[in-house]
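Letters are used for the chains, namely A, B, C, D and E, taken in the order the chains are written, and counting of residues starts over at 1 for each.
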Amino acid sequence: MSEKVKIRLKVNGEDVTYEVDAHMSLMRALREHYVWDVKCGCEVGECGTCTVLLDGQAVKSCLTLAAACDGHEVWTNKGLGYRDPLTARLQEAFVECGSVQCGFCTPGMIVAGAAYLKHGGKADRAAIKNIISGNLCRCTGYVKIVDAIYLVAKEIEEGRLTA
Amino acid sequence: MNTKHIMKEYDYLKPSGLDEALQILSEKEKVKIYAGGTDLIVKLKMETVPDMDYMMDINGIEELKQVEYTDEGVRIGANRKLWDIETDQRMTSLFPALTDAVKAMAAISVRNLASIGGNFCNASPVADAVGPVMCYGGTLEIASARGVRKVPAKDFFLAPGVTVLEKDEMLTGIFIPTPKGDVGHAFTKMARTKSDIAKLSLCVALARDGGRIGHIAMSMGAVAARPLFLEEISAGLAGKEMSESLAMETGEAVSGFLQPIDDNRTTAVYRKDVTKTMVADALALAWARSGGA
Amino acid sequence: MTQVSEGSYIGQNVPRSDGHAKVTGAMVYPSDVIVPGMMYGALLRSPYPHAEILSVDTTEAEKMGAVCLTYKDIEPIKYNERSVSIPAATYRDRTVLPDKARHFGEPLMAVAADTQELAYRAVRAIKVEYKVLPAVFEPEEAMKDGAPQLYDKIYLGDEEVAVHNNIGVIRNISEGDCEAGFAKADRIFQESFELGRIYHNQMETKCAVVKPEPDGSITVWATAQSIHANRQLLGRVLGMPLSRINVIKLPFGGAFGSSIQVNTVTPICAYLALKAGRPVKLVSAREEDFYSHQKYPAKFTVKMGVTNDGLITAAHVTALVDFGAHQVQPLPFLGCTAGWFASLYKYEGNIRFDGTAVYTNKTPCCAMQGYGNPQINFAIESMIDIISNEMGFSPVDLRLKNYRGVGDEFWGQGPTIRSIIKSCGVEQSLVEGRQMTDFDHRERPDTKTGDVRRGLGLARGFHCSGTGGPKEGEVIDYSSALVKINEDGSVDLLTPVTDHGGGTWDALRKICAEVLQVPLDLVGLSPAGTMQIGYDVCTHATRGVYCGGAAVYHVAMKVKEKLLEVAGRLMAEHAYNLEVVRSDGLHQGVVQVKDFPAKSMTIGDIAKQAQNMSWGTIAYTDSYRQRNCPPCFTTHFVEVEVDMRTGVITVPKVLIFGDCGNPMNPDLVKGQLVGSFNRGFGYTVFEQLPTNEATGELANKGLLVDYKTPSAMEMPPIKDVEVILCDTYEPTGPFGAKGIGEAALASVQAAISNAVYNAIGIRFHKLPLTPEAVLAAIREREAQSAGATPS
Amino acid sequence: MKNFAFVNARSLEEAVGHLAALGPQAYVVAGATNVMVDIRDGKRNDKTLVNIRGIDALRGIRMEGALVWVGALTTIAEIGASELIKGHAPALYMAAQVFADPTTRNSATIGGNLIKASAGGDTLPPLMVMEADVHVKSARGERALPICDIFTGLGKTRVEPDELVTHFTFAPQPHTAFMKMGQRKSMAISVCTAAAYATVDGEGRVTDCRIALGAVASTPVRASAAEKALLGIKVDDEGAYEAMYGAVQGDINPRPHSVRASVEYRRQIVPVLVKRAVRRAALGDCGPRVQP
Amino acid sequence: MSKHTINLTVNGKRRTLDVQSNELLIDVLRDRLYLTGTKYGCGIAECGACTVLHGDRSVMSCLVPAVAADGWEITTSEGLAKDGELTPVQESFVNLGAIQCGFCTPGMVVTSTALLRENPDPDEAYVKDYLRGNFCRCTGYVAIVQAVLDAAGKMKGAAAT
């Protein structure tokens, strides 16, 4: 049985202490602590639905070792939605643009999209496609997802929203 | 007060031997002993335990759970569980008032936890097991890292919740001498329901000298600030011819002596009134049990 | 409604279907609900009986990670926790959290935190500044000019009404001509009676678990006698459409009226969960539950006129009720009390009832098994005993001469709900009981001597089965059901009716099984929430089987109609030529041609064929209202022993008659009657809730150690607890059934008190008859007789 | 049952200390993108995870004298965003644009890509055509290994268990390029890749040339036969590549029964990628079209 | 506040838990082992709804600090029936109407189990006395006492054959 490792991290703005198995992925650790908007789709980094922000960078939490996250900061779609107006707007845009069907990929898509916009991503459909290219969606055909991110990028460019 | 959760913060210690326990008591401040917990845990929930930084669990100390019979009497380890005492046939035949008192306490699932020593150390004026031990002339064995001392049970209590125990001392055993001669004992209790705390409890232990009362000891619970040992009234009965009128007079005398209070369980008036018949009945019962006519 | 078939489950003792889950600890009660990620709630309760909140500081608690809730977070929507009356007849005086404390222990603030311990610690970190106000605890004091006022104004329906002298409700009712009735009487009797507050002491403390759902709706698990009442009130105070609130029906640990209203903790829990965005569980500690709701106390003056031949010609009752700091519908309480009074005897139609209910700085009162019935029954049935003794009537005969029985009018829940009695076991109870106890030969108290004196007493009572009347009144009463036949012949039954342990759910299953003639174990009780099933007002008023069962009966009959129609198509027969019978051999219901059983199909085959043909599911859902509220009657013959030296009353023997119509499950009916006897014994002899007027706190501080009820030890020997179910059949009930629940308690108190009178010759006008009270009365009589005949 | 322990190395010294103490028991974690998958698949067990993610000394891209210095912990995203790499090592820059997907590139490190020693590791052929040195450190000391002979088999390198890859150095080389063929444009392990270094004279003839290929054998390989066949040809002459088409077949040994491509397909694709890589290297074109 | 690692055997399964010194056994059973059959009724040993078996003896888990239960063998209401088959006590409770709301039932069943292990041939007075600390607000106890006596009879019958 793996060793237990105690890690302190900030999850969605809250200081938490998790006790995790040495080998456990960040995705598993979050889900065990009821952060369920981080979905488990493949657990090998193929689908991107577990995407979170780790110290501001989008990462696949299934490919991230939880034990190594001691002292780091994690934001998930749900937490960002509460605290970050940009993500909240992007979430709305997903609803407006019909970017959500079954919704299982949505949290990861939004985190990837939010990370893009936060890092100055432009209203450029090709770049947006590229940024979500590691996020699998089986329902939508991606077009409306790209539309939603594009829409918000446009709003930022037009000064209606701050990144 | 919170009956769902203990709000107090404290450390838990579990010594494996008596010496270690006594060492802890001598070295640390604010230690409370956990034996059965049936009083301590309730008090912690009531938040009436102000001075406690440590809970010392003495259930790892085997010698405190033992019982030993000799010709002189019985020594009961302070942490012997009430259920072990009431189901002990030898105890029942030698000290029926004690086992009757134990059986009258709380519920079985509480008596499986509670210890006899706890009933003393909690020092409640209503403690049921205390009266019989006092009336049987029992002695308490008190230990500390400084040594062991013995205190008669009747001198153990000072005030509600307060005993002669020093902060580094603990009650380790209770010695009760074997009654000699034609003896008769009675324990009676009035309560709202059968598993309740007493409104009144009474113990009588007497030795019959033909038609006269020889030695006699009486005690009452729930009528004063501490378990009440009726030393003078008892002494006044010794040598007297037993009769129904003596029993009733004694009832009147005890009732007259008492200065009880009103509380949630009953009233002072009720206590004084019922004491009369309780004393008379118990005296008659003990007399009959001693073989007296 | 239809007679039962041969071999029916109805009337048979069938082990309860939830028994297995209950003995193995597997049953989930609201306090057992665990939702992953849930927080735990805790309440800050008022340390004063009356105080204004000047300021609140939750900073420290929030630093600890707690979500805090105060009146500032609450929409100040005024409501009444109980919603049985139509809105226009409902007084509203409270909000989810108040800005003023009106009784000790009133919830003022709430927190939610990751652990229960943290929640409790956070509560203690909230700083509150109070302005302590003078408090008032007794209704007579409260009505005086200059007494501390709890409210200036409250609402009745949408109207704002002023409160004067703390008087919450006045209800005066009069019929016939009381003065003329009294004039006709040969003797006039007038006595006063007093019944104190008691507490339900239901096993499970009040609790709620609320889970915000991803779609913005909430799921609620709570101790609740009505899932729909909870939903509607939550919708109102949260400003949420009802379609977003799913209150799930669960068994819970005893009701007795304690959760008849929406419990105070439930909307608080919902607010916490919504603020936290996480599920929250809020479970009251026992010492909190004591301050949640209590039974209505009452003071009565009863005046009766009687002729020398034993006809009661008129009766006048005045009632004064202290209902505490909030109204949980004292208005219908007074109406009901009047109704119970009016329906016990005929009084030649001359009755008058003057009721006043008053605010005090005490815990709000709510229903507790009888809604005024045990209270007024104690007064009236003591009165009948007094009249019998004074005028030399047999207490049995006086009752037989004056009781309201078949053909008479019965007030189900007060003057607006009346129906005609169609079944009645009063005569059977009184006549058989008289013989079995040799009642006519009981000794008079003045002939008895000795330290322990035995007495035999009698009282009779009733309760309504539901609150339906021929005319739609001010009280809401209907139920719903959904029945669907599955493709293997099993049946799903959905009902909003809650079961508090009396076995209502099994009774409803039996009704469904009986109508559709399917084996009982094939009728499954589906989980139900407010989102899944139609309205039911509440499991109150002894209406579970009579009203809930009638809805199941009605819906099952519709399903049977569809079943026969479908079967007719498959079997090429007219539906009216078909019938359903249960086949225990096939373990199925079977549809067969009348008088030609060789041509038949099982219900399973029919349902499967209907599916193969794409004809649809054989199912139906509807609501149903009963148009009667038949009384279920009880009579208690109680023997007591009174210890003259200690005042202790014991009950060596009891004979109970129960008239529930055709019993669904006789053992469970008897169980309710015996359980009620235990509670009545507690009410009469043990239970009281004195208040420490210096602090406003209960003298027992809300601890069970100082709230004793009779245990197993105090019950009579098993062989001496006898229960007889009357041989009656209620024509308007499902398969002849009425209720029993609340009736079972109504007459216990007077029966014991009357027996005590028969034992020692002392009449008690005030409950409880504690050893202290009894001994004091004995001593007082001794002193009087010593004074009268100086030795 | 999975059985791992965890230690966190806060400095390079601590890290090599742990490696010395643990020996083969140690399992270094940096970006973890490979490690997590291998743990999940049960390929590794009973190890002590040595976390080096926090060692900032192993991170960065800079010039050290005449050489480009790239820390082993530098993420692929950082490489893909580096102007220095874009100018001095276009092949590596291009590889970083097609590596997995943008999110994974935020975690994955160049050192990890080396240690994984996968035949298709995207950064490896570029490093090979630049003849980079791999610098390792252990308690025993430091050494530099030429990347071209570091791979000893699938997943195997000459780096010892107690050694930690610290950084890479190579001489700046603007005339490199990288081409990748995958089943799709992101999150695709290569069908094959080709990196090229090529310089031309005034007439456009190849004067110097190095080719490295990925996913064509059990390790990334240098294509020496192809290099010879390319010397002297005119880069914009289609026909001139004919010799290379044949020659390169000797350089590769594609795995049969691959789920990603057949042997025959790879043999047809490789020379195409080489040709395109050489052309773009010679022209110094590191534009976006890395994939055909 | 000190923390301790304790070992419990609960319903035959070994459990290792870290507990705080002020944590109570009832909460460990309910909140951490999800054995919610053990109920909170009063918190001060007045109702018996939290009764569990410690070995063969019944104890009220609201009074027991979890840390002091280290090494205990505990049986809760969930652990009495084996392979879904009810014990005689449980069966009699179901068949004889000894259950209404059922909230006291787990504690009643556990205490009755201890009772019959202690005394396989009890009379009515013994049963009532043994159950005197178990509070039931619904049934009036009569059916419960009958159920225990019935179970004793069945067990004696089974032992005789």
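Definition applied: a contact is a pair of C-beta atoms (placed from the backbone, for glycine too) under 8 Å apart; a residue touches a chain by one contact, two chains touch by 3 or more.
Note that the structure is a prediction, hence the values are computed from the model and not measured.
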Moving only between chains that touch, what is the shortest number of steps from subunit D to subunit E?
-> 3
Topological distance between subunit C and subunit D, in contact steps | 2
Counting only C-alpha atoms to place each centre, which chain is farthest from subunit A?
-> B
Which chain has its C-alpha centre farthest away from the C-alpha centre of subunit E?
-> D
Return the chain label for which the distance between chain Cα mean and whole-protein Cα mean is smallest.
-> E
Per the C-alpha means, the centres of subunit A and subunit D lie apart by a whole-Å value of 28
Between subunit A and subunit E, the Cα-mean centres are separated in Å by 48
Roughly how far is subunit A from subunit C, going centre to centre by Cα mean, in whole Å?
-> 52
Subunit B and subunit C have mean C-alpha positions lying a whole-number Å distance apart equal to 44
Residue numbers in subunit B touching two or more further chains are 2-5, 7, 193-195
Tell me, which pairs of chains are in touch?
-> A-C, A-D, B-C, B-E, C-E
Contact set on subunit B toward subunit E in their complex = 2-12, 14, 34, 37-38, 41-42, 44-45, 55, 57, 59, 83, 106-110, 112-113, 193-195
Under the touch definition given earlier, write down the residues of subunit E that touch subunit B in their complex.
-> 1-2, 4, 21-22, 24, 27, 40, 42-45, 48, 51, 54, 57-60, 62-65, 67-68, 70, 111, 114-115, 129-130, 132-134
Would you mind writing out the residues of subunit A in touch with subunit D in their complex?
-> 1-3, 5, 21-23, 25, 43-46, 48, 51, 57-60, 62-65, 67-68, 70, 112, 115, 130-131, 133-135
In their shared complex, subunit C is touched by residues of subunit A numbered 14, 34, 36, 82
Provide the residue numbers of subunit B that touch subunit C in the complex, in ascending order.
-> 1-5, 7, 190, 192-197, 264-267, 269-270, 273-274, 277
